Amino acid sequence: MGGYFSEIFNGSKSLLIGMGITFREFFKPTVTVQYPYQTIKMSARFRGHIELIADEEGKPKCVVCGMCERACPSGCITLGSTSIEIEVDGKIKKKKVLSKYDLDFTKCSLCGQCVENCSFGAIEFSKEYNLASTRKEDYHFNLLERLKRLEERNA
Amino acid sequence: MILETTQQALQALFAGSVPADGAEAATPRGNGVITRNYKIHGYHLDAQVATDQLLAAVTILDHAGFFIESITGVDWIKENQMEVIYDFSRYDFDTCRVVIRTRVPRDQPLVPTISTIYAGANWHERETHDFFGIKFTGHPHLVPLLLPEDADFHPLLKDFKA
Amino acid sequence: MSLTLLNVIVAVVIAIAFAAANAAYLVWAERRGAARIQRRPGPNINGPFGLLQPPLDGIKLMTKQLMIPGGADKILFMVAPVLAMAPAIMSFVTIPFSEGIAAHNMEIGVLMIFAFASMGAMAILFAGWGSRNKYSVMASVRAVSQNVSYEIPMLITAITVVMVNGSMDLKAISTAQAGGFWHWNIFPSLQSPLMPISFIIFFICSLAETNRAPFDLGEAESELVAGFHTEYGSMGFGLFFMGEYANIVIGASLTTILFLGGWDCPFGMFPGVWWFLLKIYILIATFIWIRWTFPRTTIYGLLNLSWKILIPISLFNLLLTAGLLKVF
Amino acid sequence: MSAPIQLRPDETFILNVGPQHPATHGVLRVKMQMDGEYIVKSETVLGYIHRMHEKMGENRTYAQYLPNLSRLDYLGALGYTHGHVLAIERAAGIEVPERAEYIRAITVELNRVASHLFWFGAFVMDLGGFSPLMYAIQDREHILDMLEAVTGARLTYCYYRFGGLYNDVDDDFTEAAKRFIPRMRKSLKKYDALVTGNIIFQKRLEGIAPVSAEMCRKYGATGPVARGSGINFDVRKNEPYSVYPEFDFDIPVYHECDSMARYKVRMDEMEQSLRIIEQGLEKLPGGPIMAEKKPKNIKLPVGDFYQAVETARGSFGIRIVSDGDKNAYRLKLRSPTYSNMHLFDEACEGMLIMDALAFMGTLDLVIPEMDR
């Protein structure tokens, strides 16, 4: 009989303790971010999709070695190149120039193998995270085009 | 401690036929018990048994208090064989990981089930059947587990083309 | 005669409006309150403080298609939501909000409210059975056994109060408690020393009767998907939802009248409808607060609580009060 | 627990719990034969989110396989990648700098706390209490912020590399982690008062769903499920790997074998993980984070290699059968919840559906990890 009443008593006490905790939480400030109205700064290492880096002239640093394409686990990078003739020290040399850098972001797993394998520091992660869409095609990025736009905006 | 006793018990299955030196290197290797370097391989005992010795070997481990870690298969297409690998480990601090292997011909992959000894082998065997098509004779419910119910393909076979 | 009829019609319209408004804004209050407990803002986009959220939700629910699952019992399926809402509104008719505000005062008010409250169990049973869904049937069976077992201690405590006040008329019960909180029924007196415990029992039972957490076994969303209203969408679901909140208001009102002196001021000054409303909203806030604090009980835990704890204690209390009433 | 009533196997109905059901936390289906609310028999159906990660392991190089591991268990991803890199390093004989191992241990433990926190919240939500989930997510968010600052991702990390790490941690991280520990301890006290002490919660878990140690052994259950059944088994202690021998921590073991024991094991583990993080931050040595001698394209020697690690859910094993090529000949993932879930069918017989689903919650299921 004593156990019966002590269980009722202890049980009620535990319930009141719980209610006390939620009562205190009620008066604490909210911790959420009202997303479309407020945004937070992405951390420096945040991995968005990859992006080409431009050299001083505004041309991509990429030399079309294809390391990123080979390293990619999901095969989401497609490179294209054209050769142009440039004059170096009076001699005419052939040089490969990047003509296409397509990223299929639907397949990308953001592992960072491409950035890690790039010996020329030509790609980096962007801080882009607002990438909602209902169409697949919106995730096929033409990074060369993107770089041009970014350069134009900066200029 | 448990390492030696288990090794002896498993060795007894091969009744005196001590594995010759270099048995490890031979391909496909002969049946027998080999101690492995834990630092490199991650397990201590490696026993390859004939299919009909399997239940005896697993019973030894069961009596010694091992728990079943996993069952998996490997398709050795060049040797036209399939291997079933059973991993066992222990709950106590007398660390001993035991690997039991058995090889079956590729065209007739029949292995006795050990789900009668270890109930937990049930799903592992079903999974191995899914992926390799190895049939576990005596299994109570050998239907696809991870693959769709009507799957008749075995994706981990080396000659599997999607 | 026709005047009384007109009176009743007006009162019913007001009761429906009151119930609907309460249901809508209690949802808002519950969502805001729960959000505060969990340290988020809650609905705050539509209108100031998200106050337009309930009408917009209502519009959304009303414009949705009413689906009847194949093989369901169409009549039961359609009747159930109505049956969940209608008795709750009917109960409002007899509740005295203050001295002069009562649609139709009845001498058997307590009995009538309990009679209507029992119909809620029917609605759940119909909904569960009519849906042709295993989860719904299981949930409705649970909910009915829960309602049945909690009506007993609830009625016993109500009888205790009726005995003390000597009336089943809700207005008379309120009036008998007038003149400060020491006159209220919750305050232990010579005749009924265990009244605070009765109040707690009654409060727990009204939680269970309204299927609120921690006794929301009829919904049990993590086990039975959505319980008895799994198959309901559109306004069918809306009616269940409104019925639930209307029942909460009824439960809080009844608790207030039976134990907290109705419209009486705790200090014996300015009695009026505002005190009544204040009391019921404090009780409702407690309902909400409890819901967002506790996990759900098990079905056997719930029945054990009723049959092993609440019923013996309330019976003991009834006998004690009866004896003391005879003595004093 | 044997059913208190006589079950009638002839008067039953089949209840499909899942593939979409709130209690299964994913796409798991349990076919239950029910007598009223009692379970007569149950059969678990897996494979709704099976992606054949093992075949991908055969087709990709070892480095390319790294992102796959974190897709196994999205709540405690770092533990799984840790297992993979350790297996490769063990087989290829790569020496990992001490600093890298310390950072690995710290981040794995942070991830374990995050995983347990989410489990805690989701489990209490299974029982009908919603607010603890929100509190748990708040605390978990701090961890995810820290891990994002280090690894660049919040959930599916790809941070460890063979021989080291992708990048080093900075002072911001260590400071944030140091600030986090006392805050987390305070939260644990709150959870204790709000949930563990709650009478309703105790009544729902105590004595429910006993799983004996022998049953655990037969099914190969590991992790908190085994430790709740009185088995003192934790790969971190039993087969020490990484820098875990350097840390002073305990393995919580409960002998009650019921749902409450499994719950308490996980709650205590969070405290132990905090201790490891604390010590790790204190001892964190300087130096490089990447092995100096490391082949660019990793090829393993011919052989069969096994590595077990303790993840948040139990002992995760990875077996690599190599034929000397740059991708595995066969790669087997031994997932802990696969074995833990297996005993559900046997254990839940005669249980009420309510208790059975609470029991399922204590198994801490992550379906992608189970189905692989």
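The letters A, B, C and D name the chains in turn, as written, and every chain counts its residues from 1.
By our rule, a residue touches a chain if its C-beta (ideal position, glycine included) is under 8 Å from a C-beta of that chain, and two chains touch if they have at least 3 such contacts.
Every value quoted in this text rests on a predicted model; they were computed, and no experiment measured them.
Relative to chain C, the chain whose mean Cα position lies farthest away is B.
Highest C-beta contact pair count among chain pairs: B-D.
With centres taken as mean Cα positions, chain C sits 63 Å from chain B.
Per-chain CA centroids place chain A at a distance of 51 Å from chain C. Annotation: 43 Å between the Cα-based centres of chain C and chain D. For chain A, the set of residues touching two or more other chains reads 15, 18, 21-22, 25, 31. Shared contact sites, meaning residues of chain B that touch two or more other chains, are absent. Shared interface positions of chain C, defined as residues touching 2 or more other chains, are 37-40, 292-294. Across the whole structure, chains are in contact as follows: A-C, A-D, B-D, C-D. Contacts from chain C toward chain D in the complex involve residues 34, 37-40, 134-135, 138, 142, 213-214, 216, 220-223, 225, 292-301. By the touch criterion stated above, chain C contacts chain A in their complex at residues 33, 35-41, 289-290, 292-294, 309.
Within the complex formed with chain A, the residues of chain D that make contact are 60, 63-68, 71, 131, 135, 138, 145, 148-153, 156, 158, 161, 166-167, 190, 193-195, 197-200.
Residue ranges of chain D in contact with chain C, taken from their complex: 13, 15, 21-23, 36-37, 124-131, 134-135, 138, 194-195, 198, 200-201, 203-204, 352-355, 357.
Across the interface of their complex, chain D is touched by residues 39-43, 46, 65-70, 72, 74-75, 85, 87, 89-93, 95, 97, 99, 118-120, 122-123, 131, 144-148, 155-156 of chain B.
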